[in-house]
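Notes follow the structure.
By written order: A, B, C, D and E. Residues from 1 in each chain.
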Amino acid sequence: MTDRLGWSRWMRPLLALVVLVAVWQLILTLTGVPRYILPSPMAVCRALIEQRGLLAHHAGITAIEIVAGLIGGILLGLATALALARFRALRRTLLPLLLISQAIPLFALAPILMLWLGYGIGPKILMAMVIIYFPVASTGYDGLRQTPQGWLDLARTFGLSRRQRLLKVQLPAALPSLASGLRMAASAAPIGAVIGEWVGSSQGLGYLMLNANARLQIDLMFAALVVLVAFALLLYFGVDAALRLAMPWQQDRITTDD
Amino acid sequence: MPPPGLLVRQASLIFGDRPLFHDLQACFDASSWTCLLGRSGSGKSSLLRMIASLKLPDNHHIDLETSDGSPLTGRLAWMAQQDLLVPWQRVAGNVMLSAHWRGRPTPADRQRAGQLLEQVGLADKADQWPDELSGGQRQRVALARTLFENASVVLMDEPFSAVDAITRLELHELASRLLANRTVIMVTHDPLEALRLADRILILKGEPARLVSIGVPEGSRPRPLDDSELQRRQAELVTQLREPDHD
Amino acid sequence: SPALAQDNDDDLAPPQMIPLSVMLDWYVNPVHAPIIIAKQRGLFEKRGLDVDIQSPADPSVPPKLVAAGRIDLAVSYQPQLHLQVDQGLPVVRVGTLIATPLNALLVRADSGIDDISQLAGKKIGYSVGGVEEVLLAAMLEHNGLSLKDVEMVNVNFSLTPALISEKVDAVTGAFRNFELAQMKQEGVEGKAFYIEEQGVPDYDELIFVANRDTLDQHRDADRRFMDAIGEATSWIINHPDDAWQSFIGYDPSLDTPLNAAAWKATLPRFALRPSALDTKRYRDFEAFLLERGQIKAQSPVSRLAVDLNASP
Amino acid sequence: MTDRLGWSRWMRPLLALVVLVAVWQLILTLTGVPRYILPSPMAVCRALIEQRGLLAHHAGITAIEIVAGLIGGILLGLATALALARFRALRRTLLPLLLISQAIPLFALAPILMLWLGYGIGPKILMAMVIIYFPVASTGYDGLRQTPQGWLDLARTFGLSRRQRLLKVQLPAALPSLASGLRMAASAAPIGAVIGEWVGSSQGLGYLMLNANARLQIDLMFAALVVLVAFALLLYFGVDAALRLAMPWQQDRITTDD
Amino acid sequence: MPPPGLLVRQASLIFGDRPLFHDLQACFDASSWTCLLGRSGSGKSSLLRMIASLKLPDNHHIDLETSDGSPLTGRLAWMAQQDLLVPWQRVAGNVMLSAHWRGRPTPADRQRAGQLLEQVGLADKADQWPDELSGGQRQRVALARTLFENASVVLMDEPFSAVDAITRLELHELASRLLANRTVIMVTHDPLEALRLADRILILKGEPARLVSIGVPEGSRPRPLDDSELQRRQAELVTQLREPDHD
């Protein structure tokens, strides 16, 4: 704990990277997977550098979709969780609908979405939202359901309305649980945007990947993948850090080490 | 509005197939301080919850009347047996929790919370998280929160059980002062504490339980500990507590 | 026991069958008829081949698996072949399934578009395939336009719906035998511009590719396979209705009105001599792609395609 | 609460269904979406009945993949969560790898998986596992991190080994949080299997959907979708019920209603 | 193995920049019962945690020696100020929690747990969930769990604070009996309790705190409440508690 900003904080993820690249290279060397199926780390690196302009352009588009989808998905997910917790009658009706929304493969809905929303950035943001929405709504609802009774009692003697009780008592009490969902959502956001792009678009990392794949520019495809993964990691750790800030009273309770 | 008296009638509580009490009746005079004693598990906390109209898991019933006819909502403060501090507010925030939960605390609220914290001896802890307090300190924060309510009916469930003897005496003074002229019902296990503070002592005993009333010494609250009357009554009280139902 | 003894020395056992795995480019549809019919009629078995047919969900996968030696033969597209070879995949065309382009630029018949030059300022939908942009560019330039004059939209999964619902004014990458029938089924007449008439060199839409590095080991099996395809194709042409029955007998869910319509549109496009190689087509298309910067270097035809029956 | 097995238990989900179908039909009537984009509920019903043999066959395959994927994913997710909680050194290394595994769109890996695992049921189960794995690992880990200190202290004075502490203290304490992840995983399992089928297969609901879509048999595609959604709902509520049984001490604490 | 005595040296504890105590020294004789008193927040619970070698959030240090030289691990039972019942075990399961956590409880364990539950007056609650208990009942379960350990060194943090006066007296008997000949350190806020049970009373007082030793009446534990010596000592003890540091 003494070296919070020291090496364990940055070296280990770096180590992860090194391990990953090493395993990757090892797979190549040992199994002899051809490079048009799995390119070498070096080749991908080269593509990253040589095509940085192209990658940056498409990454920018995807980044916008991700951020917009993340904000929208989180807000919508939170609203759903609150509504489910607030209105008992809604639960048995809305919950199955929510589940159904999750169980439908997006490609099945793609033509419908396209038809209504066109080919702009809208449907991509919507896709990212749909993916982010569920973990937030689900963990949020689970968290809101598990408020310790004592606090609810206290709220009752304070004469709080159900709305106040929900926002002032159940919501903060659900934060640790919600945080779990938010972290998950953050790491899923990039893939949501990419799926949205597959449904139909001519820009963004998802498009770039499809296109590179079709042209057998596998190096470029993996380079785009690397950028995408970087987004996911950034978002996860960013959200994690933000949550830590938002919950100053919660310390990482891992004091189990001897 | 002067504090109301309470009339409890036909209170009954059954967990599973075991009635804790049945057709219980009790009257709490306006502006009086009642101490409720009884064996562990006799249903004191449950009775308090029923008066506060909080949920109980099983069959229960109560007819609650106020002397002035208006409902208790908004005039009642309840201090639970557990401290129920919320971890996401600092100590001061926990004291003025009702203000936080109802909206935003005003500067006056903040000042009052600070004052109360000082009165319970925790002025220097105002900015700490509840996790960083000792058991007795947490209980005092919960007490301060209850006092912050400034309610006319106050229900307290073993409010001083976790503090040391000296602090307890100080808190007796404080509570007596701040709750003078309120209708107070307080659960306690300490006969001396009851005799110091109560206008009336009720013991919940028997199966199903009845309420047995015990006299208290003369004199204004909090009565001094070395009052001989108080010592005498303590023996009586302990006997009452110890005796089985059929007395 | 006598029964067991009989089992053990059964000298009537069939000769050793050569296993051959074939991956289609996409789910089974009428363009695959020769393969399906050959299987149905036992033409592979007759030649000592035990053919296993698989279909992928992503058309870019089969050539890679062939290159990796995971499967023996894949159905792919000639334009893709050029890109694959350029990227160093050891694949080579060993036969032709559909001997003309199927790719077409479709518009609604009621759109009033009679000429590609009228597409200026319009939206054109496409499905990412790797060469769609070049092909479209060639067509547009042939008609005095350029890519800049149109808006290209990737609609991926839904070419026909996008066009029918007028979300786009034209789609490219549609198959003339299939998407036109599809539109008709939905009550919308379509109009096709055939890309080989609009400045794109003629090419074979569907081809069989094999692994070049191991070609010599498999040449015999591949030859027998192409032989069976040829026989099946002739039979289909001669007996289209019986062939249809045999085709839907392979998988009853193939029996849809759409497939029936596509069937008719596909018949004339099967390669009648599937093993035969038209070297000019490959040379020209390679030159076309090189000129447009889609490949880095010009490969000789011998790297792209072989005639299995030519003596090595 | 009195009619636990009465109408509120079954009528409300039914109501959800009715609402859904009504909205669906309404969309059709109002916006005039063509039927090759969104077929009518009636048409889908008809397809469900007429093609029940076909659907049942493919659904059976998918069901096997889902169940195997669910079991594998849950076990693997739990193991990961436990490993992350147990070995502090692993955390900063393994967590990024885990995240990366989530951020990679499966289509990019499809050729690799096919190369190694072939076309059998293996890769489909693997895909379902990958999808189920993450919510379980993530919520499990979050839950394991938040064991109240008091119980850990108690375990320490009992002289428990770290392994015992993990399995006997942290794991049960993490159950409510883990339950949240399990519910999520259950509802995601069908889509995992379907995605696996897209990677390459000739059986299963995912194959059926893509195939029907390619042939513009949209009725059939939606019929397959309905079966898929039914799987998701069944799994969610099944897992929910199982979790309730597994945590008899946890009552649904929604006593906030006045 | 006979219970060890404990020697605490150079115990220091600093939260933030405030030293709670510093270079504290204390000796707990083998098989003796020590009661630890002190104002709320003086660091009693923390000291107990340090002796149990549990984590504390900030700077702390202790040199702990046992009279027989072997470490305390495996010979120590700790009863926290909170009851720490686990919700996923029934009451009986909570009593034999150490058996559950170490492996599987044997039939002997089960029997012992049942016996202890009966002794703390909760035989009829054995199959309930902890959630269904009153505050005092929970505390008694925690006590039963501590006694179940059968450890030779027992640390208890306000073990009787939530039970009624009568039950408390009964539990004094029980604890005295079951913990006879153990090395016990018990935090309490009740001077009478300390005088009834302790061989030695230590008061943690001052800033930074020191340990002040107080004499106890003669006679074997638990001493009767009406012992006049006990009453006299109580006054002395309260005075000690009340007096500021510089006495």
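We adopt the following convention: contacts are C-beta pairs under 8 Å (C-beta built on N, C-alpha and C of every residue); 3 or more make two chains touch, one makes a residue touch a chain.
On a predicted model such as this, the values are computed, not experimentally measured, just so you know.
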> Any chains in contact with both chain D and chain E?
Replying inline: none
> Going by the contact rule set out at the top, which chains touch both chain A and chain D?
Replying inline: C
> Max contacts between which two chains?
Replying inline: A-D
>> From the C-alpha centres, identify the chain that is farthest from chain B.
In response: C
> So, what's the distance in Å between the C-alpha centres of chain E and chain B?
Replying inline: 27
>> Counting only Cα atoms for the centres, state how far chain B is from chain D in Å.
In response: 49
> If you average the Cα atoms of chain B and of chain C to get two centres, how far apart are those centres in Å?
Replying inline: 84
> When the centre of a chain is set as the mean of its C-alpha atoms, what distance in Å lies between chain C and chain D?
Replying inline: 37
> Out of chain B, which residues touch more than one other chain, so two or more?
Replying inline: 55, 82
>> By the touch rule stated above, which residues of chain A touch at least two different other chains?
In response: 33, 37, 107, 111, 115, 149, 165, 213, 255
> Which chain C residues reach two or more other chains?
Replying inline: 64, 68, 157, 161, 165
> Which of the chains touch, listed as pairs?
Replying inline: A-B, A-C, A-D, B-E, C-D, D-E
>> Taking the touch rule as given, give the residues of chain E at its contact with chain D in the complex, in rising order.
In response: 49, 52-55, 73-74, 76-78, 80, 82, 84, 86-88, 97-98, 100-102, 129-131, 149
>> For a test of understanding, state which residues of chain A touch chain D in their complex under the given definition.
In response: 8-9, 12-13, 15-17, 19-20, 31, 33, 37-38, 85, 88-89, 91-97, 99-100, 102-105, 107-108, 111-112, 115-116, 134-135, 138-139, 142-143, 145-149, 152, 162, 165-166, 170, 176-177, 179-181, 183-184, 187-188, 190-191, 194-195, 206, 209, 213, 221-222, 225, 228-229, 231-233, 236, 252-258
> Considering the complex alone, what residue numbers of chain D touch chain C?
Replying inline: 34, 36-37, 54, 107, 110-111, 114-115, 118-119, 197-202, 207, 210-211, 213-217
> If you look only at chain B, which of its residues touch chain E in the complex?
Replying inline: 15, 37-41, 45-46, 57, 81-82, 121, 132-137, 140, 157-158, 161-168, 189-191, 238, 241-242
> Where on chain A is chain B touching in the complex?
Replying inline: 149-151, 153-160, 164-165, 168-169, 172-173, 175, 247-250
